[in-house]
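Report on one structure; see the data block that follows.
For clarity, chains are labelled A, B, C and D in written order, and residue numbers in each chain start from 1.
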Amino acid sequence: MTHTDLPDLPDNRGRWGADDQRGTLNLIDADALARAAACVRTGTWVSLALPTEPASMLGGPFAPPAPPSPPVQQALLHTGTPPMGMSEVLVVTPHHPALTHIDAVAHMPVDGSVYPDRPLGEAVTAGGVAHGSTAAFAAGIVTRGVLLDLAPGSKLPAGHPITAADLQAAADLWALDVRPGDALVVRSGWRFSWDHRESGPGMTVDAVTWMHEHGIALYAGDVSDTFPPVDPSIPMPLHMIGLARLGMPLIDSAAVDELASTCVGLGRYDFLLSVAPPRVPGLTGVPVNPIAVF
Amino acid sequence: MTHTDLPDLPDNRGRWGADDQRGTLNLIDADALARAAACVRTGTWVSLALPTEPASMLGGPFAPPAPPSPPVQQALLHTGTPPMGMSEVLVVTPHHPALTHIDAVAHMPVDGSVYPDRPLGEAVTAGGVAHGSTAAFAAGIVTRGVLLDLAPGSKLPAGHPITAADLQAAADLWALDVRPGDALVVRSGWRFSWDHRESGPGMTVDAVTWMHEHGIALYAGDVSDTFPPVDPSIPMPLHMIGLARLGMPLIDSAAVDELASTCVGLGRYDFLLSVAPPRVPGLTGVPVNPIAVF
Amino acid sequence: MTHTDLPDLPDNRGRWGADDQRGTLNLIDADALARAAACVRTGTWVSLALPTEPASMLGGPFAPPAPPSPPVQQALLHTGTPPMGMSEVLVVTPHHPALTHIDAVAHMPVDGSVYPDRPLGEAVTAGGVAHGSTAAFAAGIVTRGVLLDLAPGSKLPAGHPITAADLQAAADLWALDVRPGDALVVRSGWRFSWDHRESGPGMTVDAVTWMHEHGIALYAGDVSDTFPPVDPSIPMPLHMIGLARLGMPLIDSAAVDELASTCVGLGRYDFLLSVAPPRVPGLTGVPVNPIAVF
Amino acid sequence: MTHTDLPDLPDNRGRWGADDQRGTLNLIDADALARAAACVRTGTWVSLALPTEPASMLGGPFAPPAPPSPPVQQALLHTGTPPMGMSEVLVVTPHHPALTHIDAVAHMPVDGSVYPDRPLGEAVTAGGVAHGSTAAFAAGIVTRGVLLDLAPGSKLPAGHPITAADLQAAADLWALDVRPGDALVVRSGWRFSWDHRESGPGMTVDAVTWMHEHGIALYAGDVSDTFPPVDPSIPMPLHMIGLARLGMPLIDSAAVDELASTCVGLGRYDFLLSVAPPRVPGLTGVPVNPIAVF
């Protein structure tokens, strides 16, 4: 992926020093927190996570049917007869597209290095992730979130390349003043699908540049990069540029329909966004249940 | 455990119907949300989760040392040479005491039934948890949280039985009016220890009765039930009565020291509490990173 | 399952003492080993295990398709860039019907006790299997094996209840003298199927009684108990009587077609059988690859 | 690791074609099988696997103590109250040095390629092992085994570099005629240790060359490569040359003391060796319980 060395692509590498691991989260300042706080009036709230049923790890004729390659598997534990208590062991594939999760910058090395400029061999060793892991946000993230609904009440056309103009139009529709340190939540009206034949819309470099110019701290959406890419010359711009060059954490497979309905109902399109994955550093990604509070 | 059938113990079973799975979360009403919202002024926030380092599943002479029985294990995945992206598979033991997590009512059957009165064999089958699972709060919980610090700047004596008087005194110290639907956060100054010889303080039935009378919707603390129990005749009152009879979800192994410092610094002891575990229903417990927003 | 207390069912409980864990493996004496040794002439050999492809635990758009509820899952490990070596972590469900495995007596408690008469709560605790585990054969089993092909070159009718007469007829066909300490390998011509609507043949109590009378030390077959049972009044006789009362280890989902062809080709129907699962005691079952040597 | 391109190192790459995956197992011919068969007289047998206790995955105050980084973890499954049957899910790290296992050639790529000359990126993909996996021996291996005891009744000195002369002397001691297709079993008297400060003996290139010259099909031993290496200029000769260039599968962490005693007792030092791991292709290594039959 040498395209990322093109000089005119947006880039935060070096902006916060050679040891930085927080990337655009550095943009969340007291003002962003104050904007978030100002959004909280009634305590109404919405989850931005897909519900993910666990698949039973019990096999055989007595086991319930399970989907192939499930993101969360559950082994209910025997703890005696009668059982002392019920518990389980879980096997989790955090980056699974059917599980809402947040990517750390180490998820996406580019040209052999991890944001901002750490050789992959130093950032990720056989034993763990030493640089660029979920440590950057393991304690949580709070900031103002803004919803850009690109297709209110509807969905974008298949294969639509999402541009800066699309994002700006959605912001203008609701007179949203997107500010540095905000979390961007995008709705396209699509849902995750295993079917590669049904290619949804996808982000363009142009859209990622818009995010950079507006100082977006965090991205969440029901749309991300697509396969095949909308522009084959620069595949995966949200991951390869947004995550890897800007250091902007990505929440993949967010659920935003209920959020959109709530926004319309309240007539408000910004909110306090709390992003609090299990507090486990050292990962490249982790499931998360973002909460929008109004 | 027939002690739980004593007639004078606090009990919510039947209060919200025979099919209820939400227990005391039913107490979180618009007024509780409004109280939570009113606490949010600056956007300052604190995590109530312990940081939990993942243990590498790589064994052998090149593997890093790992603790015995770790709550989170990580297998970093090979995705090619050079790797297309970095990811992992996790093995998680949610109820591990070194991992901040939230218990669902199915975690603690009593006398063969799950809150409110579902035979264990129907509530938990070989294939999954059909009643009383994390489904009750998988989308998240938002309410007002109140901190009761039982030993400000210090720690309770070893083996101290925490009573209603202790809780009330802590509330009075900061003039806190604990209200139905609030989440109770308790600080004892202790930390989780594997060492059973060092027995910390523990909740009594008296304390759980206080929680019931005050309509606590959710409990989180750095203290819970102890082994050996503070009262051998009624072991594990927080789990056996609070969780199993009241239907009050419990956040075990919460980290509350930073919360306590923040409260003292701000001179405020209540806050909006967002409890948003990975949105996975069907479990008996799940890791969580509760966030207190001021 | 109180049927197992009927007085006329075959029973080894107590035969080798109250602490016995080896069951019918006690029948393998020097004579059985000598019979096994006498079968080895050319070194020709055959595996009695189904090949089981591992399913990748990598999820998402780049992951290969995987079957639901696979018995063996593989997470290929990242060990650096370039990798120091390739390795993996496996998740295994030993009792899965698509995986050839051997059952220990603790797999099948009957009426609350494990063979010969250990209360289940003592035999299997929350932390492990203390009695009746794979320890009985973790070091391996060697004895003479005899093949009874119930449908040479064909398959039994669907739902056929396999009786003592069926077994004896197959032994007579090849003039096999089945002796105490022998391993019995049965071919029905069926293969494992997830489809419960297609019910294969199944063992009857009569057949298990035949095994008892002949001193079978170990059972392996492409046929076992069926669902629905061939006799609803006594379901699962091979597991509930053979394993649980006789203490006869069972190799489920054995592959015997290649064995049958080899036997026909050689004109010999007995062989040295080596059953050597990974040497892990403390389990209720473990994958195994039985080897027949001629 | 460019040392492996030195022209005078033993090499089988290309000997059996560019697509070969069986390496030295190709040397096991009818004559080797006949030699194996000729060793079987009484049926006496010995396991060459270390016993490996499973570690419970149950965490917390009620869980038994577990070692760090265990090779086999067990989650006993809840299957109802009373339980329908006892079963488990296992998590296995096959290449763990405390678990007797067999290495496939894909375990050890050298200079970016897998034996005989497959680019690593083609041999091992994100989804699985396409070339050089355990498929080569998943059905099992049977051949003659010969024991070379380098320190009968004793142990080699710490750090001893094992040479061709050592191997030849051990063969001569018992007048063993090691032949192409034989499996070599080596005893040094050491046991696996996590303690890198206590460095055992280790194989040299000279010894691996001896194996090549004698047509060894398979290696098993209580000794392998050492850390630090006995010759720093050529680390890991058994793995980097024997496995990677010769295509000779390695059984790491074999247990050979009981085998040695049995050989001495019987006055025979060769035997039929059955190596039958769970029949799972597509892995880089798999636990195994080799059985020596006399």
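Operating definition for what follows: a residue touches a chain if its C-beta (ideal position, glycine included) is under 8 Å from a C-beta of that chain, and two chains touch if they have at least 3 such contacts.
Keep in mind the model is a prediction, meaning the values are calculated, not measured.
Taken over every residue number at the interface, the positions common to subunit B and subunit C amount to over half, indicating a same-residue contact. Taking CA atoms, the transformation carrying subunit A onto subunit D includes a rotation by 180°, reported to the nearest 5. Computed centre separation for the pair subunit B/subunit C is 44 angstrom, with centres defined by C-alpha atoms.
A straight line joining the Cα centres of subunit B and subunit D is 48 Å long.
Put simply, the C-alpha centre of subunit C and that of subunit D have 27 angstrom between them. Of all residues in subunit A, those that touch two or more other chains are 56-58, 62-63, 76-79, 81-84, 86-87, 89, 91, 93, 95, 112, 120, 124, 126.
Contacts between chains leave no pair untouched here, as each chain touches all the others.
Within the complex formed with subunit A, the subunit D residues making contact are 57-58, 62, 75-79, 81-84, 86-87, 89. Those residues of subunit C that touch subunit D in the shared complex are 30, 32-37, 40-45, 47, 49-54, 56, 58, 62-64, 72, 74, 76, 82-83, 85-95, 99-100, 106-109, 112, 120, 124, 126-129, 138-140, 142-143, 239, 272, 274, 276-285, 287-291, 293.
On the side of subunit C, the complex with subunit A involves touching residues 55-61, 63, 65-71, 73, 77-81, 84, 91, 93, 95-98, 112, 120-121, 124-126, 194, 196, 227.
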